[in-house]
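Worksheet: the structure to be examined is printed underneath.
Chain IDs A, B, C, D and E follow the sequence of writing; residue 1 opens each chain.
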């Protein structure tokens, strides 16, 4: 029962995704509006003095995302060390 | 002061973040320094939030462009699209920001003694601050991908904190379920973002709201966004992880998780009202939200009556209360296209948003009292408790305040928001109101049951020796109870100062677009 | 602990991995790469050491509290560089036009100049430090835990 | 500083309720005080009287959580059976529900777009 | 290639996401579940990075670049961010699974479950 329902739902989901990417989205290799990216490609060198446009996007135009990304790594490391700590309890003072 | 206020949107996010990075360094210097850092940074953030809220009520929507030559310069000179990440703060975002500032401060103070006997406290507070930063980021950002990043920060920090008491097996199970759910939800949000980016080549919400066409791909993306955020919120067929994760976390974290779930609700509203605001088929999406919201109310409360674990019981109540907000705002969405009913829609939305504020005050309070019970008895099983009112006077009083408030007993604040929802929703469809009243009755009944089994009765021999919980836990609870009393006394002031601006900010998506896409200053 | 040949080879190889990783970090503004990628390269060297020796041996030279401090420092440097521009806006690239990493390259294809990029190379270094410390702490902690070793708090 | 809260149809004033509560509380206090004189601690007067039966210990006297609202659960037995069948606690099922709701709402959205 | 029939890279991403959902729904082993989530992250990343491709484009780096159009840089930056995020999530999930295994001695999502209802 669960298997049948799950498979049907999954097929519908995959159908949606495939329909979307085959029929509805722009053809691969021809991104239709690209004004923001063209602006970045044209002006990244002058604005950020950076040859690597991806680096200038990562660290300048969308630098806040990268700060968030670094924070996520920091969070995950802290979390892993927190969860793997040896579970000893301090003596109860109260 | 003026320059501080000009930088306020970013500082609200950056200060908890930097404090979190500093905690491992300063935390080694001892308990005092760590506590001072945590409370100081959170209090300063709360101050900035209030100052910004006041400023926004005077000057309107605030934008902050990261990395531009001026904060207001949202688009490069001579072009009509934003390139950089833009923080955009309107009435709705700052409303959630105020809630988050208060609750996170209370939770931090509460956890000082709640987890005092555990190891790993430095990392606990680091993660707590990171969670605060993630929540603020979700509320203030105006960029879809940035929203995803901060959603992930909040969920990863929350997931690690749920598993904090790692000597118990069930905490790890709850944390794993939470992190799986949030990973999948986050990836679906990212997929939706990618679909929108493919069509309109932008990630800025205001630009997308202006350009959006409501093509079939947009509809698929809307379904992905809506259901992913609804799953993170705990809407009913997707609520199954919710009690598992919430019941095992330390109580202070549970209180904060409630607000992160509200933040996800904010994101869902933002997507429905602002991003798709001009094109959305309000009736269909509104009815999807209303039906799921009714299910949420009913299933949540009936499952809650059944529970025997105190935190699990309260988590199911949290689910049930979230249903009220979905219904209130869903009605507002459903009547968005019909001008005859729009006034009722606005009232329903105001009620739903008012309920968010109330819920954000009393639900963490109730979770904190549940944590106090756990602290005192060492168990979450209600069947093992009894007669605790003899020893825990403060906790009892605060629990009563929370109970009366959540069940909508006048004159407490839960009543004002519920009556606002009932009256306006009745005009839309009377059945919704009837279900709401039944749920309210069941809520009162189940809280009476929990109150009787935990606090009433003769003093049990196994709990004779204990003392009331430490002071910092009581302070944390009293902060939230004070909020409840304040809202109780001045409901009309809260409505006109905070709630109508928030509801109007949702309805008026044109102003949100204009703040970014309008004339360059 | 694996055989002597493996250990000796790993000991020699780690130098090259380190140099390659540092190269990737240092040229983030000119060539594909950057802090995250270079950091990951260096951590792969740490994983190689972890396989060649065991976690207990490695724990002697890589202390977890030290890694924690290093990671915090990297994150703080990154945040401080972002804060540096707060006089205009957060994340404003303050170093463009100054002698330190501030040369503006000519528009279009050019051979590349290391002294370009503004704050980007510095951010790359900060992220590199962070990634190296963070990921090695994770790998080390997992290896220690699964070999049943006690970990320091 | 107005206490009156208008909700569209009606208005209500929390202050009135608070005054009513205060009055009731004062009355309760007076009633309680009037009986306080005759009350003596640690005499037979303060002990529980159960028709002369043996009074059980504190732990057994307390009605535990499992026994409250028995009739309610007995009436809704079928409903709770179904509900507990859904709440399996397995992560995989959670994800199946997510897929189900996403697919259904996507179908509703697309079909509604075609009909209109 | 000038024109790619059926958008094969996008199709691959969609199928990857579908397979990942299959694994997440039907495989009871927790490690396999994590692999499913990793696969889903890869699918989304592939979708994102494929969005930015332009026919005959170079990598958007001006150092000694041959003349011609450049592919879009923003999707690449997004993918970079999202890869690191998925790594972080995976590390945390694996830690929790290690812990669950220590406590219950089982990796089956049904046998290791303690909470229901």
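Note that contacts are C-beta pairs under 8 Å (C-beta built on N, C-alpha and C of every residue); 3 or more make two chains touch, one makes a residue touch a chain.
Because the structure is a prediction, the values reported are computed rather than measured.
Counting only chains that touch, the fewest steps needed to get from chain A to chain E is 1. Any chain touching chain A that also touches chain B appears here: C, D, E. Shared contact partners of chain B and chain C comprise A, E.
Between D-E and A-C, more C-beta contact pairs are found at A-C.
Using the mean of the Cα atoms as each chain's centre, the chain most removed from chain B is C. Averaging Cα atoms per chain gives one point for each, and the point farthest from that of chain D is the centre of C. Chain geometry summary: the mean Cα position of chain B and that of chain E are 28 Å apart. Separating the CA-averaged centres of chain B and chain D is a span of 22 Å.
Rounded to a whole number, the gap between the C-alpha centres of chain A and chain D is 43 angstrom.
Note on chain placement: the centre of chain C and the centre of chain D lie 55 Å apart, centres being C-alpha means. Annotation for chain D: residues touching 2 or more other chains are 87-89, 91, 93, 95-96, 99-100, 102, 106. Among all residues of chain A, those that touch two or more other chains are 6, 10, 13, 16, 20, 25, 31, 34, 36-37, 40, 45, 51-52, 54, 56, 58, 60-69, 71-77, 79-81, 83-86.
Shared interface positions of chain B, i.e. residues touching 2 or more other chains, are given as 17, 21, 24, 66-67, 119-120, 145, 149, 152, 156, 159-160, 163, 166, 172, 175-176, 180, 184, 198, 216, 220, 244, 303, 306. Interface note: chains touch in the pairs A-B, A-C, A-D, A-E, B-C, B-D, B-E, C-E, D-E. The touching residues of chain D, when paired with chain B in their complex, are 1-10, 12, 14-15, 17-18, 21, 57-59, 61-66, 68-69, 72-73, 76, 79-80, 83, 86-89, 91, 93-95, 97-98, 100-102, 105-106, 108-110, 112-113, 116. Residue ranges on chain B touching chain E, taken from their complex, read 145, 149, 152, 156, 159-160, 163, 166, 168-170, 172-176, 179-180, 183-184, 186-187, 190-191, 194, 197-198, 203, 243-244, 247-248, 303, 306-307. Those residues of chain C lying in contact with chain A across their complex are 28-32, 34, 64, 68, 71-72, 75, 78-79, 82, 90-91, 93, 96-97, 101-108, 110, 112-113, 116-120, 123-124, 127, 130-131, 134-135, 137-138, 141-142, 144-145, 150-151, 153. Considering their complex, residues 84, 87-92, 95-96, 99 of chain D touch chain E.
Those residues of chain E whose C-beta lies close enough to touch chain C in the complex are 59, 61-67, 80, 84, 91, 94-95, 98.
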